[in-house]
């Protein structure tokens, strides 16, 4: 499903965010991406979305080398990827409902599908009552849940989640993780960047650890950290 | 593409409403800019109208030699000359004025002491010819010189024509240049405003892209927003233009001597201006949005 | 307040640079708008100049009765009459033209057949008076009528004056109205642009407030940004205005007959326009920013 | 230092975010504010900053009733309060250094004080090398640390922190908490809204719990939750 081959990415400012990373993730896997702040987790996710292109190395997603994708095909790549962004990236002028509905409208789902599916997903993340609020009128955790809802509303092949529980209390976090687990069981590949040691340790799934941009650990049924 | 009409309509409407400030700013800019263009075009038409009015006043006066006998009651013969004259290039129509008529007019025009030295016999009869092209007066005068019985000198208001032509040309040029400058300025200002408005929403555009929206899916609602703003602004401009036209017409009233009366512009030409303004509004709105959003669409 | 000059300078400079797009948009808007205002003011001054040129051409022609004997070599006596005439209101200067001179001129002006009926004895001598106020020609003519030896009729270019005056008044009004409309439009457009630019930075303003910045601390750098944009825009407008003036002057050249020559505007008046444009730029920049930011400062 | 007296706050949309809360926090205290997502923690902090005004009840900060404060005095209130916002609220057009320096410039500190103090604080949060980056060029955790640095650079009387470790790995989180603890020991009152059960349980300080806007627990040397 995903293959990184000696991928290196440096930002203009000179920071090497990802250094010579090679990684294979199969279809249907559930992977935690861990590492200290600034270790390159978000950058890895941005590379998968082709929000950035690698300086060196190659990346395949669903059998395609995405650096070679022509610009007009990028949207179609992204439609197969649901993403929970670390900073949410909600559309500030759209209501909760519209934000989630947008991911369906983009792929041309008819109105009645949108009308039935969105409220269902919002209920799943516990925001049924907030459907007409604007993002600015939500608490941090509520915004994060909207982002989660938007990411999987269109049943993507690949679900990327960058710190999806950073603003959530442990109970809600567990709810979200159960949800992601359930989605994973339907065949969706799930990659989660997280700092939440409790959840990683509890779920016992594959753990990939980055440190200063380098892949330092890749462990089946892993835990958050060795010592911490 | 596959952008549904319903999606575009809803998107356009809600975005216009939720970005009220920017909507109003854009409409205002279009309205002000295009109003200036409209008014300037209108004034230019007015000048053109006035010019064509004034041009009716340009005559070439052909004096006949008083020593050559001419019929005092010119009928068929006069008609022939008339035809001959009228066939000359640039000559529109000619009217004959007999010696007696010219004498009467001279007496009216000159002060008595000067008039007292004139008599019917010494006053030349004349043809007064209206030209289709006043600037050609000199050429026409030359042509007349060969005609039978025509006095050596053909009079035409040389200095007056020159001055009037200069004024008209300058005014026409001024208003044309003004209209063009205003149009360019309007384009710059409107594009500017749209760019700023889209700049304020660049994050929104980037999020849409990340969720997998195609460029057209993002662009079309923006373009429709631009069109609506352009149309609304142009509508205001059209009202201002029509309003100004009405006001000028009103003040022109029926005072034949006033300059405004000369400047009255017929409705069809005003309509042309209005249509032009409206089209500019739509085009600039749509194109402006499309161009303004372009750099935020490049990934 | 306690806003240090250093802080303001640094803040202004970096903000202008980091918000390049908005800076350029604002400068462009100011430049375009104020250029239009400047050009319009310049044209208006040109019209005023041309008017004052044309006014030198308005003479009142006083014919002396040819039957009243007048000295053929007028010296001291003529000087006295000259003085008397000049003392009349609105009369600027008068020149005497003898019977012989008038006859010579008439011969030149009229066609031979008409001129042949004139003689030196029947041609009246005349005073040609330049007026300081051409519109008063009729009144001056009435005053002359009582003078010894003056022929009953005093000639002045009645129709010509009326037409010229109308044209001048209309032109003057058009350019004044245009300047005022453009000025208002400029104000609206510039305010609009500044508001949009500040709108795009409203979050920044709200963060500053949350960190404890006073309103003046936030407002002053914004105002200076506005001033810099206003000055930069006005500078462009000033260059355009001066440039246009130079171009017009160049084309006017030394062709005394051209309208452009009549419109040449002396440097001090151009300087006035330029200063006006610059001041408007600064004021609108500063006030615009201050007003634009106000609603985001209300907590 | 802080006193809430029967404070109720409802947003336009009809959500009652804080309901009849009474609370006293003394000078020098260290308080954790906990509660599920959407329970009103951020709202409480916004009330303290006078970003919002209460619908009912009264709030005193440092002896002043802040609802009665005239508008021009609000900036002076805020200068005594350092705040780490949940969504960071960095100035996007200013570098890391300038963002932190701004909090000092606002209170009129001379340039040389700014020049010496800001780098020091940036080193404390581990961002010494990122001083010239813009917020958009930072990872989520780095942005959060800039927000922390800005909040305490001017040694405020009161430090409010809304989820200050949501985007940080456990090691960095502990570093930040140690820092806050140290600041607290110099006499600064510290109020932290957090979901990080680990930290709350480890620090054992006063815990105030909100649930649907109501104060449901106020416990000395408390833990994150009873059951969770």
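To keep things simple, chains are lettered A, B, C and D as they appear, and every chain counts its residues starting from 1.
In this text, contacts are C-beta pairs under 8 Å (C-beta built on N, C-alpha and C of every residue); 3 or more make two chains touch, one makes a residue touch a chain.
Remember, predicted model here, so these are calculated numbers, not experimental data.
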Task: Where subunit A and subunit B overlap in contact partners, by chain label - done: none
Open item on the list: Tell me the fewest steps from subunit A to subunit C, where a step is a jump to a chain it touches.
Closed with: 2
Open item on the list: Can you compute the centre-to-centre distance for subunit B and subunit D, using the mean CA position of each chain? Integer Å is fine.
Closed with: 67
TODO: Please work out the Cα centroid separation of subunit A and subunit D, and write it as a whole number of Å.
DONE: 28
TODO: Averaged over CA atoms, how far is the centre of subunit B from the centre of subunit C? Could you give it in whole Å?
DONE: 24
Task: Distance between chain centroids, defined by C-alpha means - subunit C, subunit D (Å) - done: 63
- [ ] Scan subunit C for residues touching two or more other chains and write them down.
- [x] none
Open item on the list: Where in subunit D do residues touch two or more of the other chains?
Closed with: none
- [ ] Treating touching as the only link between chains, describe the layout with one word: line, ring, star, complete or other.
- [x] ring
Task: Every chain pair meeting the contact rule - done: A-B, A-D, B-C, C-D
Task: For the subunit B and subunit C complex, residues of the former touching the latter - done: 21-22, 25, 28-29, 32-33, 35-36, 39, 43, 63, 65-67, 111-114, 117-119, 122, 124, 151-153, 155, 162, 166-167, 170-171, 174, 181-182, 185, 188-189, 192-193, 195-197, 199-200, 258-260
Task: subunit A contact footprint on subunit B (complex, rising order) - done: 2, 4, 6-7, 14-15, 18-19, 201, 203-204, 207-215, 217, 299
Open item on the list: Taking the touch rule as given, give the residues of subunit D at its contact with subunit C in the complex, in rising order.
Closed with: 49-51, 71-72, 74-79, 81, 83, 85, 89-94, 98, 102-103, 105-108, 111, 150
- [ ] Going by the contact rule at the top, pick out the subunit A residues touching subunit D in the complex.
- [x] 11, 13, 34-38, 42, 86-87, 133, 137-142, 144-145, 162-163, 166-173, 195, 197-198, 224-225, 228
